[in-house]
Amino acid sequence: MRIKIINPNTTWSMTEKIGACARSVARPGTEIVAVSPAMGPASIESHYDEALAVPGLLQEIAAGECDGIDGYVIACFGDPGLKAARELARGPVVGIAEAAMHLASLVGSSFSVVTTLGRTMGQAWHLAEVYGMKRFCANVRACEIAVLELEAPGSRARERIVDECRRALDEDGSDTIVLGCAGMADLCEHIGQVLGVPVVDGVAAGTQLIESLVSLRLATSKRGELARPLPKPISGLLGDFALPAVPPALKRAA
Amino acid sequence: MRIKIINPNTTWSMTEKIGACARSVARPGTEIVAVSPAMGPASIESHYDEALAVPGLLQEIAAGECDGIDGYVIACFGDPGLKAARELARGPVVGIAEAAMHLASLVGSSFSVVTTLGRTMGQAWHLAEVYGMKRFCANVRACEIAVLELEAPGSRARERIVDECRRALDEDGSDTIVLGCAGMADLCEHIGQVLGVPVVDGVAAGTQLIESLVSLRLATSKRGELARPLPKPISGLLGDFALPAVPPALKRAA
Amino acid sequence: MRIKIINPNTTWSMTEKIGACARSVARPGTEIVAVSPAMGPASIESHYDEALAVPGLLQEIAAGECDGIDGYVIACFGDPGLKAARELARGPVVGIAEAAMHLASLVGSSFSVVTTLGRTMGQAWHLAEVYGMKRFCANVRACEIAVLELEAPGSRARERIVDECRRALDEDGSDTIVLGCAGMADLCEHIGQVLGVPVVDGVAAGTQLIESLVSLRLATSKRGELARPLPKPISGLLGDFALPAVPPALKRAA
Amino acid sequence: MRIKIINPNTTWSMTEKIGACARSVARPGTEIVAVSPAMGPASIESHYDEALAVPGLLQEIAAGECDGIDGYVIACFGDPGLKAARELARGPVVGIAEAAMHLASLVGSSFSVVTTLGRTMGQAWHLAEVYGMKRFCANVRACEIAVLELEAPGSRARERIVDECRRALDEDGSDTIVLGCAGMADLCEHIGQVLGVPVVDGVAAGTQLIESLVSLRLATSKRGELARPLPKPISGLLGDFALPAVPPALKRAA
Amino acid sequence: MRIKIINPNTTWSMTEKIGACARSVARPGTEIVAVSPAMGPASIESHYDEALAVPGLLQEIAAGECDGIDGYVIACFGDPGLKAARELARGPVVGIAEAAMHLASLVGSSFSVVTTLGRTMGQAWHLAEVYGMKRFCANVRACEIAVLELEAPGSRARERIVDECRRALDEDGSDTIVLGCAGMADLCEHIGQVLGVPVVDGVAAGTQLIESLVSLRLATSKRGELARPLPKPISGLLGDFALPAVPPALKRAA
Amino acid sequence: MRIKIINPNTTWSMTEKIGACARSVARPGTEIVAVSPAMGPASIESHYDEALAVPGLLQEIAAGECDGIDGYVIACFGDPGLKAARELARGPVVGIAEAAMHLASLVGSSFSVVTTLGRTMGQAWHLAEVYGMKRFCANVRACEIAVLELEAPGSRARERIVDECRRALDEDGSDTIVLGCAGMADLCEHIGQVLGVPVVDGVAAGTQLIESLVSLRLATSKRGELARPLPKPISGLLGDFALPAVPPALKRAA
């Protein structure tokens, strides 16, 4: 199967790390396509950044529909544009916060999310609520590390993240850690070994879940809220996002 | 004071109706600026439409910050981009679903939302939850009327909406109606007279609430999640959305 | 329009402060009538005090109905008698806890309530729940200051309240303050300037909201729970509270 | 032990029925004192009625404190004045809605409340929520029978109540009935026999629960919200309700 | 009436303490039968222990049905097997966590549970939720005392429990204590005297509640989920648990 | 990897169907071991049946720990013994209700559960709540088909299930179906084709999820509630269930 992992920010060094992580956990026959959109912010640390990342993300979904992609992972812990992406895609779409929280709820009594900047904590709590995972979420904690600092060689980010995870277990009463940024994907194994509890990275979790959905032929329900959007005029800069009256599936067959 | 009402779709006939409604309830000294963005979909009926409407909406917020706007109303019942807009604005921002639900909760025991297409009901329930208004929301009902059908001369939309409101009172046990689309603003008084219960239109409610916040000098808190977004590179089509290192307020003072 | 602000305790110095605050935020054409009931406790700091304040409050509502009052504000943070008042009034009624919490939810991610005595904290939490505002309420905190101490010249109450507000922001993760007593109305601007976050006083908030409801002609729904009470005999000390078979509106027209 | 059952309305025929019911289930050594207050409405069917019944109810609690009462039952399904009564009493106080809902949750999966007038349904739902019993409450249903109609000889109230209980079991998926008015106490056994499911009357339930609390020496906690109210001046008609600086317990010992 | 108190572990010294406690609060005419099952773990401190205690517990219920037992109390704070026991019994069944939490909610604003091992805290929270008592539960605290340590002569368990209860009141904002283990039944009175707040022991609470239900003739509803299990083959070690096609009630009459 | 699917009832024809379903979706390198316990009821349709199925289930987990099993699926929609199994196992354990509900929440807005007997509906709702999936669960519906009727050749069960699924979509507003019994695993594809919406079978979902957890090396956290049970004496019929002081993992290495 072909799975597209979309890092919705435009920092390709992070996209490559994400792609490598996904490939390291993907099943033998799975092709992982890891991309950043052609447009959008270099990192996503606010609702404003999210809003501006979503059109580029949707462009990648639309392109994927023409390229025969079977399922998508949105690789930013805010899960930006998830419902819009589901409307657009024939196959399933999962976000990495969604994936990480779901798997964490299967292996522990409660988890702590350890994320980057404090201003993103509200979004993590919001997602926990809409996914039904709030009852498992003991706490959301920020290391006050900017997303791109995770990419900087020689940064002390790793130590600070491990420290915050340790405090989480001690103070929150949780027994599982959820890493709150796609840029932390490469730290997952190390932290798990140091702390001796399950540590869930959303990129790996999302890759596994999307493979499961595809192999079970479970695609987004097109019956109600998540049906394909109605075609309509879109004006100005985003004019090319107007959907064709006939979905691309048919065009592709031509 | 100067209040900007942003209809996030690009159908100006609807924007004019919304502006007229806002002006009809605004206080004597208030200047109402009603606009549609320069870019975006002609109507908003899906998460995809919302996602593509938000950049244009944010452009209008950014412009408003340069033009001395005191407060903003987002005039689409899905309240798209509300948190991003709050990050960007110095003054307060309210959505019309938010405004209508809050005021409805002050005059009745529970309300029914009567909206356009069934596929938007999920978003109405979602907003009711995040605003804390789910406990007052007896039901969300769709008339299966497309947004732009409300603009069509000679449409039977009005009758169908009144009928659905009547059924809502009879079947939901509610005692108040919330109109679920900015395009219904001009029907509010009529429906209230026919049904004899409070009928809340979000455009009028939002206009009043934003005037209240401005006159009380209550602006969005900049302490945490809603602080101004960090400046960062934004690439591609939306490149002009990159925020200046110095917020426009200072530039304006120069 | 004529708005009646009822301080449900009988301490007139507090009533005058409340009236002054309401007038300072009211619209040009609004007449503010600020009163205390003729009967009831000197301050409200328990459920017992609330219960004994409500009959006097209702008497003021009944009188207001004869005097052509358009809307009412109940100016005690416990919002005593709110539903009974709504049954009795033709126009809208809001409580100051209700008003403050609603407006606070529009300008921040979460608020802390800072109130007087610890024993009233339960009621503040209760109101947050019934108004749907619990999800925005990060904490309720008491300064252990008696209500009437706020009226005492030379009291150090102001300093203690500012200190508690500062602790709230530091410890609760909130970004907005709600003042938990009508007697704090005159401190609102000062605290906001010191702390640099939105500080919401219920008297000002309630005045603005009731003006909004009246100007939108949104009155309490009379369809269900909040319909006018059925007339019936009331015996003993409160015998005069028996409602006439014909509501006073008709008498007034005579 | 001495238990005081307070019917907070002033209809003594109902009080006698309530007293008889309580006596029929009380333990051998228990003295049941059933009273109506000296002041207040003839029946309680609105928030207004409740508000005006509470002072008389509190007077009966205060009198009971001088008379050596060990525990109190508030015998109206709206549980008016419950928290204020708890502040005033040394011993425990329970409401009949509270008692009935608690016991119903012990014998079934979910219950339906069958009550008098539709306008009181909101209060029943409210109580279910504050007692934590909402998850057990499948529905609240009204027979549209006025409270005093239950007292009228020859009324068809009994048949209508049985019918509504039967519909509740069929339509709500519940397996237990809670009778929603103290005036239905005498119907409990009959309805249980007809329907073959547990039928809980609050007067009987409250009598049993208060006996249990008294015999376990579990009295209202005086540590926080429910501590004895602070003494303070009360003016006007209710002036006699001002509490003495020294609680009556000590006076009684003199 | 005949009440059977089942301590679902097999430590008879604890069963005797539980029986003595139940007898000390039971009504004059009540016969208390306190037993441990013939099979199962010596103490219950995990979900595994619970699972293995339940068959023995159900055996005691089945035996009770032949012996004319009127009601049952399950005397372990995890309330193991409660729903299965309700299916099996004709009369009512209550668990001691259930009983203690219900009564605690009647006498205070919120309670803290003080229990044995930290690993059982999750179950206490779970029960609080399913009984609707989570809103009253300020905290669950563990003393890290093994259940059987409570039985050891000369243990310092009592001091540690009192200390934890005191901390609960100071730190949790609660005003009532719930003892989280049947083995603490004999400490209830002492702790209440030391702390001056209501302290609720589940064995005493359960005894009183089951007596109330029996005397009100309120038995488990047999209409839906809690109907008698369908007879069917059970193979292997537990083969004797297969239910007879005809319930024992009829056999007993023979 | 080696995955053990435990059908907790003792009907081996059903176990074989479950095993075949699991094998049909498992990854190439996965060995599926499908078993029924040596003891327990022939089908699970009540809390009593569940309680008696759990010891046999735990025996299979214990055996699996000696046999090098990597992960377990509990293949009964009531997910009996899930937490106890997690305590006992080193690797991960998932229940099929848990698995099906989680995956359903990823592909639709809300799901309906279609199950066997009405008396099991309460348990399905309970599981939806404890997994955080209640917000996605539009309804639980019963076909009133006994579990073993699904195994009977020539039964009309299939038609009735399809009919109930169709009604669910029409009446519940859901867009996804969850099959509420392991015995329906073979109907999943057919129903999906007929209805055109995602239909989730828990056996397939559980197989995929457990493979994901194992391949990500995510095992149950042993830090708190789910740590290995403390060894202790177990008496009577279940005496062999007493855990060794040294866990079997070490013995196996010897």
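Letters A, B, C, D, E and F name the chains as they come in the text, with residue numbers starting at 1 for each one.
The rule is short, and it goes like this: a residue touches a chain if its C-beta (ideal position, glycine included) is under 8 Å from a C-beta of that chain, and two chains touch if they have at least 3 such contacts.
Predicted, not measured: the structure shown is a model, and the values here were computed from it.
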*Taking A-F as the reference interface, identify its repeat among C-D, B-C or E-F, namely the pair sharing over half of the contact pairs by residue number.*
B-C
*Would you mind pulling out the distance in Å between where the CA atoms of chain B average out and where those of chain D do?*
45
_For chain A versus chain B, what separation do you get between their C-alpha means, in angstrom?_
29
*asked:* Need the CA-centroid distance for the pair chain C / chain F, whole Å please.
replied: 53
*asked:* Could you pull out the residues of chain A that touch at least 2 other chains?
replied: 109, 122, 130, 224-225
*Among line, ring, star, complete and other, which best matches the way these chains touch?*
ring
*Given the complex with chain C, which residues does chain B contribute to the contact?*
25, 27-28, 92, 94, 98, 102-103, 105-109, 130-136, 169, 173, 175-176, 192, 196-198, 200, 204-205, 208-209, 211-213, 215-226
*Which bits of chain C are touching chain D when the two form their complex?*
10, 37-43, 45-52, 54-56, 58, 81, 83-84, 86-88, 118-123, 126, 130, 146, 224-225, 227, 229-230, 232-239, 241-243
